[in-house]
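As structure tokens, here come the structures.
In what follows, chain A forms one complex with chain B and a second complex with chain C.
So, the complex of A and B:
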């Protein structure tokens, strides 16, 4: 074999690599090669679904919006109480409208390389979302600020295993509430070029997200109707209630052809029955009803069926995640979504108060559940901690390590003659070693997945280097990533347009508020 | 490749030595052999070629191996290139009475056939210019004694992977004591289940946790030995 001369270059390159940029997998789609795990048999699923339909037919759901109630009524729902918005939905109506949902759709970004296919056997990793607090090892746990939001955006933009730019990863509590979303969207479209989430609270905020998406993509509103470019996660206020603000956001998205992920907030024992079958029946009822409603607003609205059923600690009432209960509901949620060919959302979640072993094993269980349930949108993929109360910078890196590992083993295995290596085996005498074999020499640099965090030093070397565990190493990795963050280019004319739009909206909101 | 066109003979001494450091780093065996011959032709002493061109080059390799910059197969390539240079130099070094870098008898102890780690240590030591007598696997005390008697090494290296075979190292050390030759030789031990404490407990001179450390430790013991000698001479 031949070796190129150029040690100085190689040495400098390797030294630079080890001290500077973080080595990671390339950006790309994540294809799930496994068949989904069918945990429940068909008859058991039928029983869950039959109960869900009984809930919708006999008990109903409160839609806290007269506009929504009239749409539901027009499309075959029975209004039980016009004051509260309680409506009952027959299974035929629900099924007919849910059937209008696309099985697969593309979310468009201002950088077409970042477009995402939602559905089928694709896994798309979403950032942490909605955390009020931020934490890292240096500064501790504190209320989120706009600066923290920016830091998270830069970090997640740099991670190739994260597909979405996210929405509100952490709340910018230092900014005024009515215009907070405008600051967030400006940061999203300037600091990232991945698909970004809207803040789905009320129509006006969603309108702003859609307008900004159209500007940065440079497309008309008509084109946006068939090319969804933003989305939101809509939680029902379980049990059996959908609030006005979320309905407003959902309707605005649906009317404009944008995507909605409908996720009932069904924590067993608290907002849903304590039995998993009952909690799943309620989840299914709420999800199908809201998805049917989205299709009534605009047939063909891209939707995702969200599963979020987990259990609570019955001694404290606090939510638990990554539990056997969570794994089961996630797997069965996938089965329920597949009955309608709906793309499925589940989450990488944990309830730990620190980036510790509990955070890691609960997350690992959650990620496995996502993979085996054929989750298409893995929410809170990177950075979620403390049951969602905290976005952790170290956890972002630890999650990225787990996700990269999961994705890496799913790539196809080479079984060519060359990979089977008979000649290499032949070349080494019994008891010898392959470290110096030609077969090894020509492959060693890229033969194995390279982890972000894991290390293989022996105990003594590790101790001499300060006994730095994975969490503390993660602290170094996120800092390096932010240090080497590269801002994706944005056409200055588009930025100018975004800024003009935002300036105008700030004035309007100052005078007439938000709807 | 512009760099492939380098003609070693056209370089002045400093540039040639620099190029040899790079060629060692790249594991280019033939280029190293060529470089050694050119320097010898320019009336460099074999010892100067060894220390300034080869050992210094391998020091850089060792440093980057220690820091996780180089991969094991790359270091083996470098060590092979170094060995090729040493092969030319060794008889000349003996002829000229140059101080030797060091000599080690090494083996995996009795009952143990795990030798990948030991082989890496042997190759790295050779790469650093040491003369290594490798006794292979399943080495009993008699075989160690015979080799020590025959080769008069500065260092004895023993390795084991099993907790059941590592106590045999103590048997060897005790026998060296009985024979009155323990003080003439530095004993380095290694293997995955070992640690400093075990090495101390069995009366070894040092525990080497990996191949890079083994080379550093071996060099250190040779330096100490030389210092002791010059101290005695003064």
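So, the complex of A and C:
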């Protein structure tokens, strides 16, 4: 019996090892031990902020929802034009309401081990979001489908350096728009156990996300009020406008205690002034105004200050990312968010048309800027390509490699006597080598970070093996990960409840004539 | 006449514009405005340093030169073994001599506009160095030749983000070893006007570099003593050994007031302990001992503390770069150098076999680590590939793109009223756009950094143009740069003197039977 059990254990271990197709870091929080990089001095920040307040006080923002306008008015905003929804906000009102935002909050998942702390010195990596197209080396670039959405969910669920399950990573263009979010949520709660995003367009879609979050977590709506379990990324319609559907989604989230990441879409030269200081002033005005509004809807609403200011290619109008401009606005955005103790969102972004050196260095610049700016929510952390028009499966792996590297070098360094290795140095004669030393041999398996992708073999053996470059190796990695994908368990009773909810909603939507 | 002159001017201007084949940043110093990133606390640094001193006091270093050993002995070192040259150095002796190093010095070029300040908050980018092979997309990977050396010199001379002319960027394997350095120096002083490196192997080669530097600068040997005009990168033969030829080169440089960058070759797990703290302790011991020795040879010798500790692939023994380990040792190396106010050298390195995503992200990690560690001399800044076995022409351009990006985001941000753009924001209605605004139109030509390589055009037009990825575009860029290379003028009398010197040296070397 003992012998057999031993053999079974070995077989089980071997099975587990072969199913762990890709060696990666374990799941866990990413703590940023670094001081944030303060690129701008206080006086310059004051000037940007003063301009932002002048924008809000003298020019105003359009809230394209009478409901929102009346809430703003009740809380001290001045309505300039009731037809358009243009309101001006005094800095005192803005500051008083922004101050109601929590500095730190927890996003809850159906698996408590996947709960995320947002704020402070935590970095949480979010998947790519909102890409209309999908791309990989085998099938090329094509409009996204539900099958692609599922593939991305499986891949990102398997990657331990990705903290969020994400929202719409890629559009499921083959599904009808009115019920597309229901399919997405069912996939999210069955294929992943990480915190998932809602679709923030209109109250109804957000209602569905909240209802499904409550079901899979098995908690009441009251409990959800203090335990946010879903969120949206809410872009303003820059310059100085927030449309009705986004306001609806935001209000639904805020009323129910869920989280909102407010991100002005301030591309310098397009939706904002071409000068970075001006674009940042506009970003700051829009972000603070919408965050203040969320606090008017419900004080204490968990919010994230989103920075997304970048520049555009002035010949084509196309957005550019990972540029020097993007690095600066990301760093300064963090400084502006910290003025209010707000959790900060920035992104891992690039504008390349291929998963090539450009995609990689633009992303590397973005990731470093995120980390040095104390970004708490790194949006588009894995898989974004082509200025957001494409979610790339190979790029997911390249990004994961970079993110793992970043997290690894921040881990504490062992400076014990054993690590200082005086005796090991003593044991090796001048001009000798440490390869066979006991100190080396007893540590070599785990001494160094294991990359997902990088290769150390020499040119000759790399050539013999087919000269496979990193992007093509990434193709192999995502396939192995999806092949070895493991579905997280979900209580069948909860799944049944989710399915019943979705079926009822499908019927309601069909009846309403929207489908 | 006036009309004709105007037409000539226009033609000249047009010619100048077309010869400016590649748009790039102007030549200039790179000032690092950031605080250095202090990864390790003081106590941990103390522990590393204490171990380094124990290594020097209890184990010692081999200086494989009786001349060096007697200098060390005269200055307080304890000779343990006169045959091998093993000497022990007390921490007080080491500290006293290291303290004689300048914190800041100027490297002089024959063109004073190319002089370089080494130390403080300056970042100086060095070319790739020491690669046996050369590679480009057209001709593949092959052993380096003198023609390749010349191509690299022309390319790097043209790049304004590269501060040094470099030394042996790639080996001229088609030239005889004893006189190879003479051909290199003639090329350096005719094809470039930037500070050039000597070949630090033995006294005679260094003598030649110094003699040629004096000729092209038109200064006496006395003036050269206080105006260093060449340098070497001196690697120790880790662990704990410096060979005779390197010591000879170093002594010749020090005696003549030229600069030495002392860089222990401490790959963790190979030539140093597998634990990073131990490898850093060994690096620190070797660097401080050799720097102290240089100050014994001549107090005030301009020196640079070189960090090169990285890890190896424990399956193959191959060095790895741009890893989490490399980022940590680069950052901590800067902290160790700053303890003595020494200028610091680290490198832009990677281990990839192709100019692909791996080469790019490993280099990006290295460059950021260099910048955040306050590296003063970024070795291998442009063109290094395959762990140093290859100099890649395409990689030169990819690296230059990343370096330009880094320098650009550190430039001061304009927060003038004009840049804050309140009036521009006021002029655009909510939901409008800034493309046609006066504020935009009057600035769009120079508002943003111009990349060397990155493209902003959309996928469709990129595909129509042949789907050229960044590495292949880099191939076009280096060709255009070499095609439009402009030779810096050199006084014909000086050239004649250089040629006479080289002819005499060739004869001496031939007579000595070395050739």
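The rule we apply is simple: the second predicted complex is superposed on the first by the 492 of 515 C-alpha atoms of A that agree within 3 Å, B and C clash if a C-alpha of one lies under 4 Å from a C-alpha of the other, contacts with A are read in each partner's own complex, and residues count from 1 in each chain.
One rule holds for everything that comes next: a residue touches a chain if its C-beta (ideal position, glycine included) is under 8 Å from a C-beta of that chain, and two chains touch if they have at least 3 such contacts.
The structure presented is a predicted model; accordingly, all values stated were derived computationally and were not measured.
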{"item": "Which of chain B and chain C A:458 touches, first, second, both or neither", "value": "both"}
{"item": "Partner chain in contact with A:436 - chain B first, chain C second, else both or neither", "value": "first"}
{"item": "Contacts of A:113 with chain B and chain C, given as first, second, both or neither", "value": "neither"}
{"item": "First, second, both or neither for A:360, with chain B first and chain C second", "value": "second"}
{"item": "Dominant toucher of chain A (residue count), chain B or chain C", "value": "C"}
{"item": "First (chain B), second (chain C), both or neither touched by A:138", "value": "neither"}
{"item": "Footprint overlap on chain A, where chain B in one structure and chain C in the other make contact", "value": "431, 433, 435, 440, 444-445, 457-459"}
{"item": "Residue ranges of chain C touching chain A (in the complex, touch as defined)", "value": "34, 37, 39-40, 44, 47-48, 51, 54-55, 58-59, 61-62, 84, 86, 141, 237, 239-241, 268-279, 281-282, 311-320, 322-325, 327-328, 331-332, 351-365, 368, 386, 389-390, 398, 401-402, 405-406, 408-409, 411, 413-416, 418-422, 424-426, 428, 430-435, 437, 439-440, 443-445, 447-449, 451, 453-459, 462-463, 467, 469-471, 474"}
{"item": "Footprint of chain A on chain B - complex, ascending", "value": "1, 3-4, 6, 21-28, 31, 60, 64, 67-74, 76-77, 80, 113, 115-116, 119-120, 123, 137, 195-196, 209-210, 213"}
{"item": "Chain A residues touching chain B - in the complex, by the definition given at the top", "value": "3-8, 10-11, 14-15, 18, 431, 433, 435-436, 440-441, 444-445, 457-461"}
